[in-house]
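The structure under discussion is supplied below as C-alpha cells; questions concerning it will follow.
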Amino acid sequence: MATLQYILKRLFLMIPTFFLVMIIIFVLVRFLPGDPAIAIAGDRASDADLEAIRERLGLNEPMLVQFWLFVTNTIQGDLGSSILMRAPVTEVIFNRLPTTAFLTLYAVGLSLLIAGPLAFVAALNRGRWPDVLIRTVFQVGLSMPVFYIGLILLTFLAAQLRWFPVGGYGDTFGARLYHLFLPSVAVALYTSAIIMRNLRSAIIEVLDAEYVQFARAKGLPNRLILGRHVLRNALISTVTLLGLSIGNLMSGTLVTETVFAVPGVGRLMLEAIFARDYPLIQGLTLTFAVLVSVVFLLTDLFQSTLDPRMRLT
Amino acid sequence: APAFSQERGGVLNFARYDGSNLIDPIYADRNPDIWMVGSLFDTLLRPSADGNSVVAGLAEDHSVSDDGKTVSLTLRDGVTFADGTPLTGEDVVFSLDRAREPDQSPWSGLLGSIESVSAEGNAITINLNNPDPTILSMLATFTTGIVSKAVFDAAEGATDQEKSAAIFASGGPGVGSGPFYLCGFEQGTSMKFCANENYWRDGADGKPLPYLEGVNFQIIPDDATRILKLQSGEVDVAEFIPFSRVPELDADPAINMNLFPSTRIIYSPINTRETRADGSPNPLADVRVRQAVNYATNKDALIGLVLQGAGKPMTSPLMAAATPLSTNPGPLYGYDMEKAQALIAEAGLEQGTEITFTTLAGSADDSTIFAALQQMWAPLGINLVVEQVDGPTRGAKNRSGEFDIHTYGWVNDVNDPGQVVGWLGYTPTANAVGTGWDNAEFNALYEASQTEIDPEKRAQQYADMQAIYAEAAPLLFMYETPFAVAVSASVDGYVQTPLGNNIFEEATVSR
Amino acid sequence: MNEPVMTIENLGLEFPLGRTLYDVVQRRPGRVVNALNGVSLQLNKGETLGVVGESGCGKSTLARCIVRLYEPQHGQIHYHGQDIFEAEAKKDRSYNRRVQMMFQDPYSSLNPRMTTGQILSEALRVHDMRPANEIPARVAELLDLVRLPQDAADKLPHEFSGGQRQRIAIARSLAVEPEVLIADELVSALDVSVQAQVVNLLLELQERLNLTILFVAHDLRLVRHVSNRVAVIYLGRIVEIGDSETLFSRPSHPYSQALLSAAPSLDPDDKGKAIRLEGELPSPLNVPSGCPFHVRCRHATELCKREVPALLPRDGRGEVACHHVEELN
Amino acid sequence: MSDISLSESEATKPQKTRLQIALRKPGFLIGVAIIGFSSLLAIAPGLFAPYDPNFIDYNAVRQPPSWAHPFGTDMLGRDSLSRVISAYTVNMQMALLATIFALIIGVTVGALVGYYRGVADMIFGRFVDAIITFPFLVLVIAVVAVLGPGLINMYIAITMVGWVYYARLMRAEVIAQMGNDYSAAGVVMGYSDRRIIFRHLLPNAITPVIVYWMTDMALAILLGSSLGYLGLGAQPPQAEWGVLIAEGRNFITTAWWLSLMPGVAIVLTGLGFSLMGDGLADLLRPRG
Amino acid sequence: MIDQKPILEVSNLCTTFRRGGVDLPAVRDVSFSVGQGEVLGLVGESGSGKSVTLRSILGLSRRYGDVTGEVRWLGQDIASMPERKLRHIRGREIAMIFQEPMTSLNPLLTVGMQLTETLKAHTDLNRAARRDRAIEMLDHVGIPSAASRLGEFPHQFSGGMRQRVMIAIALAASPKLLLADEPTTALDVTIQAQILDLILSLADEMQMGVILVTHDLGVVAQTCENVAVMYAGRVVEQGAVRQVLGAPRHPYTVGLMRSVPQNVPPRTQLYSVPGTPPSLEALPVGCAFASRCQNRTERCLTARPTLDAITDDRRVACFNPVAAEKAGAA
C-alpha cells in the first residue's frame, strides 16, 4: 500500500518534469539553425518546394499552436511522424529501443560484475598494491574516450583475433550477448570505473562502521559479515549512482552505437539532430526522459527495499 | 569475356555508410536511396557501357521524331515484374505520369518537357512540349524506373507517397522489374535484396541474371568499423573507404581496392556578392581575388593530403571529366603563387584580410583541406579562419549567402551535363550554388542548351559556358575523386557507375 | 529577584509528520509529534531555572522556542512584556542578541572553519557591539572572561577539548552582552571534572553579569546544584515546578519522585530505594489521554485516565500537576 | 578559581598542518605534480613544443617516431609531439572553463535552495529532474548546434547542464551541515541569512563539491574529446586530444603513435585530477 | 567478594594506533582480571582508553592498531589467536555491548535477523528454536510485544530500546563474560536503572562476569564489586568499589570524586581537576597526570609510577598517593 502510494506520488511529480522537458526540447529544436525542409528536400530544392514542405509539416503555424499540438498529441500517445524515416516516431523508436536497452543493461551488468569483486579487493587491501593497481587501471578506463577504446577492442579482439564479431547485434538472446559483448565492454570500462570508485569508498566506510564491529564482536563468520553486513550497506549509495549513470549511459550510447554499428536509439538521435527531424528529436528526448525517470524510480524503490529507513513518504 | 562457367548463387554481404529510407523511383532523393533504385526498378532504356549514350532496356526499340517532339518506344515482349505479372504499357504510362507530377516528385523538373505519355499494346509514345536533348538520358535514369500500377492501385494509403511507403515497408516482389526485389528491411540497420527470377536479361551462361541469390546490406556509419568488418570477413564489400586507408587496403591480397571512376567533384563555392550578409564589403567579390586563391591552391598537394593521390584536379570548371560534353581544357588554375600574388596586388587586397572557411563538423577531409588552405593562402595575406557547422546549417548558409567559402561535393544523378551546370552556374536554379554569381550570357547559353537537339551546337554552348565559368571563378576548383570501394577477392563483377549506382546484376561471389 | 524577564504562557508545539496521500484519501489528519503541550512558566531576573525530564519530553523544543528557532502553534512568549512572535518583534535582531542560546554538542556548535578570534569578532561586528578598532581588545577580554589563553584566538575549534569549546560558545554568547542565557544540555557531553569547570564559570558569570539562565540538563545532581528553581517536564507538560531545594528533597509528583529516586547514589551501601517505573515512555506521537503519566503511574485511577490534571500551586512547595498529590504526600 | 586557569594550553601543542599531512600521501603528490606540469604545458606550450604544431610538411607525412619527431608526424606531416603539447592549452582550458561556471552557479543555487527549502526547493527539484532526465550528451549537442560549434559555445552548453550536478550535491551537503548546531547558533546569534549561508554553511559544505569538481574536470576533457570526435569541439587546426585521437584512429594498425600519444595525455591528466581530488578530500576535511 | 579463579586475565595489554604518521598509545600496560560472576567497573575520563581496552580484549582493535600483551581467557591466550578461531569465542563466550546504540545495529537488517544470526553462529538451535529464543531475550530486556517486533528495523526503535536490543543480542548465546561499554549513557535515569538491574541479575543467575565501562561514579557504586580507574591509557587505581570510592588514593580519583556535585552547598563553586588531559600524541615522560597534580614532585616529571599493590586487592600508580584518612574525609 505504502509502496503504491509512493509510486503514485512519484509519477505525479514526473508530470511537471516532463512538461519542462517538452518545453526545453521544443524551444531548443526550433532554435537549431538549418531548416528541416532543406534537410528533407536537399540543398538543391527550390524555395517553392521548401514552402510546400513547411506547410505540410505544420512548421508555418505560430509557435504556440505548434507547441499546443505537440503537447496534446503527445498526451494521446502520438509523437508525430519522423521526417527522416518517413514513419511514425513511436514505431521508429520502438524498433530501435530494445537494442539500446539491451546494450545498456548488458553494460551495467558487466560493470557490476567487474567492479563489484574488484571494489572488495581494493577496499580490503586499502592503500596496498592491489588497491593502487586496481584504482590506476580503472582510472585509465575512466579517461579513455569510448570511440578510442571501441576501436582498439574492434581492431584487436574482433578483426585480428576474430574472437568477436565487428558489428551487428544478433537475433537471438545468445547471439546478442555475443554480438554486443565488445560494445558493452567499451561502455562498461567507464561505468565500472565509476562504480568501483564509489563502491570501494562505501565499503571502506562501512567496514569501519560500528555495526560491522558489532557483527565481528558477535562472532559471525567473515563471509557473513562481508556479504550481509558490508555489501548491503555499501550498495545503497552505489545503487543511486548506478541509477544516475544509467541515464548518462543511455544518452552516451550514441558514440558507442556509431563505432560498433549498433542500430540503437543513440545513433538515431544523432541522425535526427543532423537531419533536423523535429518530431523524432522530440520523441526521442521524451522517451529518454520517461525511461530515465522510470530507472530513477526503480532505483529508489530498490533502495527502499534495501534500506528500511527510506521506506514510505 | 566469355565465362560460361559463371558461378551462380551465394549472397553478397555489403557494408554501407548510410541506409536507404525509401527506394522508390520518384521519392528517392538521397544518394543512399537513389543509388539502389536501379537494382529494383528497371528503366525503359539503359546507359551504354561508356555512359555517353543509351541502349535498349525494357524497351527494345526507341526513336525520336525529326522535330524532336515525339519519342516512340517498343516494349520488350514478355517482360514481367519480379512476381511474374506482366509489365504492360499501362504500367509505363502510370510510372512516367507519376514521375513527372510536380506535386509529388522532386525530380519532375527533369521530365518537364513531356506533354503526354500514351501506350497502345507494346508501343509507347511520349509527346514533348519542346525538343529536349536530354529526354533519352532521362528514360535511362532512376526516376523513370517502371513500377507496377496494379500494386500501387491496391496499396493502402490515401496519397501516392503513403502507398509507396506501405509497399516499401511490406517488401516482396511485385512492384519492380529490376534484377532484384526487396525481401527484407529494417530501417537504419539492414536491408536484403533477393534475385528476381523473372528478370529479362540473360547472363553469360544464357540463364537469366542476376548470378547472385541476393545481397545483404548492413549499415555501418563508422569508416574504420566498416573496414574492420571487411577485414574480418564479415562482409564482402565496404563502400566509401576513406582515401587515407586506400594504400593499406590496396596492399592486402585478400582485398581488391576498387577506385571506380565517378562524376564526383569536390569544390568550394565562393560568395561573389558585393557585400557579405553582415553588410561588410566582400573581398571575394573581386574576380581577381577569386582567381588568385585558385592559383594559390596547390591541388596536387591537396590531393596528396586528402586523397593519398587517389584523385585528379578538376579539368572542367563545371563538371567531372566523365560527364558528357566536358571540355577537359587541361589543369584548371595550375599552382602559380607568383601569378596569385600579382593578382592580389592588382586587386589591392589588404594584408591580413580575414576570410571564413565553413566546413562540415566532424569531416576529417574538410579539416585537412582547411588546414592546408590556411597555410597555402597565407602568402596572399589572407587570414583564413574556420567555422564548423553541420549539414543542415551549411545548407541554410549556402542558401542565404551567409558564408565566404565552404566545401561542397557533387555527383551527377543524370547522365547529362544539364543538371550539374544548372546547379553550379545557372543563377535562377540556386543562385549558382549560392555564390550569387549572375552572368547574363551564361544564363542565356544555358537556357538555349536546354532545348538544343543538335549535338554539335549543344556541345559548343557547353564549351562556351565552361570558358566563361572558368574565367569568373565563382568556385575554388578542387578535384575529382573516384568511388573507393573495397571488395573481397572472392567477389567479381560488382561495379559502381560514375553516377554512383550500385550494379549487382553481374556480380558473383565464390565461397 | 522576582522581577519577571520572560513569561511563557500555555506554549504548545506540534511537529507535523507530513500527511501521506493515503491520509488525504482517507480524510485523516496527518500525524503529529506533540512536543510541547501547554507549558507555562516565568523566568525571573538573575535566577537559574533548571529543566529536567526524560529524553524527548520537549526540553530542547522549549529552549528553541524561546530563541525563536521554532515558532509555537499555541501560546505566547513575552520578553519584558513584548510578544516575541509578533510580526514587528520578529524583525528585531536585538532580541536574538539579548537572549542567547548555547548548544549541547561542543563539536558541532562552532563553525569548524573559523578561528576563535573570528567567531568572537564576528559576533561583535554584526551587532555593532564595539567600534572596529576596539574589537581585538574585546576579544582578548572575552577570552579572559572564560579563562581561555590568549593564543586561543588563532586556533580552530578542532584544536580545543570539549570543555574549551563550550567555553568558546559561552564567550560567543557573552560577546553580545545578553540578558538571558539558554543552556541546552551545555555540559552533558563533558566529563565530570570538565563539567564542574564549565558550571563554575557559568555560576561565576551569572553573579557578575546578573544573567538569567535556563539550564536544561539530564544530570539531576548538577541541576540541583546550579538551579534556584526547577521544572520537571513529562511528555511536553510541566508536571512539577518549584524551588530547587524543596523539589529535590521532597518531590511531590509521582514522576518527579521516580525520576529523583532513579539517580544512582555514590554510596555503595545506599541501594535499592529506586522507584521502578512500569512500561516504556509513551511516544509523543500518541500522548495518552488524561494525565500523560497515568500509564506508568502506580497510583493511577480512573480520573487520571480521563482528565488532565492542572498545574496547581501547593503551599510552599511550588506547583504540581497531579490529581492525587495530596493523598500521596 | 585558581585551579581552572592552570596551564591549559598544554593540550593544544603544535600540530602538523593538514597540508603537511596531505603532502605525505604519495598519491596526492603525484596528482599535484601531474596537474602542475600539465598547467605549465598549457600556459607555455611554446617552451616545450619542438616545432610549430600547425606547420604542414607535405613531404613528411605519417612518419614513425624518430629522434627528430619523437611522437612521429601526422597525416599532414605535422609534428605529433608538438601537437599533443599544444593541445594542453585547449584541454586544460576545457577542464577549467567547462566546469568553473557550473561550479559557481551550482554552489550558489544549491546553497540557497538547501537553506530555504520550501517552494524554491520544489521548483528546483523539477528543474533538476528535467535536466537530469534529459540525455546529457544530446542536450550538449543540441545546444552546440544552436550556438554553433566552438569551444566557447561548448563551455556554455556543458555549463547549462553541468550546474545541476553541483547544485544537487551542494544542496544535500548544506542540508546535512544544517544538522550541525553552528548554523542554528548563527540564527540564535541574530546573523543574517546571507551570512549564515555564505560565511558559515558554504565553506563547510563545499568539500565534496570540490572533490567532485576534480573528477568533473577530468570528465570535461573526456566530454570535450567526444564532442571533438563529432566535430563540435575545438576548431581546426587547433590540436585537441579528442580530435587527435579521432584523426589517428584510422591508422591504429599502421600509424599507432598518432592516437596513442594523445590517449596517454588524456589518461595522465585524468589520473592527475582524480589523485588530486582524493588528496584534497583529506586536505579540506576539517578535523575534530 | 567471590574468591575464585579468574576467568579473564589481562596482563600488560598495550594498544597503539597510528594516525597521520604519529603513534597513539591508546592503552598502556593494562592488567586486571575478572572472576566468575564478578562485576568490574572501568571508569575514567573520555578518551582514557576504556573502549579500546574492551575492544582489544575481543581482538577488534587488531585491524586498526598494534595490540601486545596477554589476554588469557580460561587459561588460553586469545590476544594472538587467529581470527578464525577467535570468532568462536566472540559472541558465544565473551559478548560485548557497544557504546553507541544508534550506530551499532545494522540499519538494513531486522532486529530479529540480527538476534538470530548470533544464535545461528553459536548454537545448534533450529530456525524455530532460534526465533523462540530471540523472543525470550527481547522479553527479558523488557521490550513489550517482542514477537511482533522481531520483524522491525532498528530505526523503528528508540535509543533506549536499541540499547536493550543490543543487550539482548549480547546475552543471547549465554556468554560467560559480558563487556558492557557504557550501556546506559544513552538512556534516561529511569530506564538506566532497569537495564543495570537486568545485567546484575543475569550476572548473578548465570555466573557471568561483567566489565562495565561508565562515566557515572554513581552507577559504579551501585553495581560493581571492583573498579579500575583509567587515565591517559593506563590504570591508575584499582580495587574494591567501597574502598576506591570511599577512600581514593590516586590524586586523579580524588579529583574525580570531588567534582561530583554532592554534599556541597548549591550554587557554589565546584571542585574540578585543573588542566586538561595530555594529548596521546605527546605523552610526557613521567606521570601523565603530573601536570594537573597538586602532589607532584620532581620525580613525577621524570619517572612513571607503576601500578603497585598498596594492600592485597588495592593498587595505585602514584609516587605520592593521597593519605587514606585524608581521602576518606573528602
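Order of writing sets the chain letters: A, B, C, D and E. Residues in each chain are counted from 1.
One rule holds for everything that comes next: contacts are C-beta pairs under 8 Å (C-beta built on N, C-alpha and C of every residue); 3 or more make two chains touch, one makes a residue touch a chain.
Composition by chain, UniProt nomenclature: A = ABC transporter permease; C, E = ABC transporter ATP-binding protein; D = Peptide ABC transporter permease.
Since the model is a prediction, treat every value here as computed from it, not as a measurement.
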Q. By label order, what chains touch subunit D and subunit E together?
A. A, C
Q: Specify the chain most distant from subunit E by Cα centroid.
A: B
Q | Chain centre separation (subunit B, subunit E; CA means) in Å | A | 90
(Q) Centroid of subunit A (ABC transporter permease) to centroid of subunit E, CA atoms only: how many Å? (A) 52
Q: Could you tell me the distance, in whole angstrom, between the mean C-alpha positions of subunit A (ABC transporter permease) and subunit B?
A: 39
(Q) As a quick test, compute the distance in whole Å between the mean CA positions of subunit B and subunit D. (A) 47
Q: Return the residues of subunit C touching two or more other chains; collapse runs of consecutive numbers into ranges.
A: 161, 164, 197, 200, 204
Q: Pull out every residue in subunit D that's touching 2 or more other chains.
A: 1, 4-5, 8, 11, 145, 148, 229-230, 246, 249, 252-253
Q) Tell me, which residues of subunit B touch at least two other chains? A) 224, 389-390, 393
Q. Which residues of subunit D touch subunit C in the complex?
A. 1, 4-5, 8-9, 11-12, 15, 179-182, 184-185, 187-192, 195, 199-200, 203-204, 286-288
Q | Contacting residues of subunit A (ABC transporter permease) [partner subunit E, same complex] | A | 209-222, 224, 228-229, 232-233, 236, 306-309
Q) Can you list the subunit C residues touching subunit D in their complex? A) 64, 67-69, 93-97, 100-101, 103-105, 107-114, 122-123, 126-127, 147-149, 151-152, 155-161, 164, 169, 172, 176, 197, 200-201, 204
Q. In the complex of these two chains, what residues of subunit E are touching subunit C?
A. 45-46, 144, 158-161, 187-194, 196-197, 215-219, 221-222, 241-242, 245-246, 255-257, 259-262, 264, 266-273, 276-277
Q | Interface residues, subunit B side, partner subunit D - complex | A | 223-224, 242, 244-245, 248, 301, 304-305, 359-364, 367-368, 370-372, 374-375, 386-390, 393
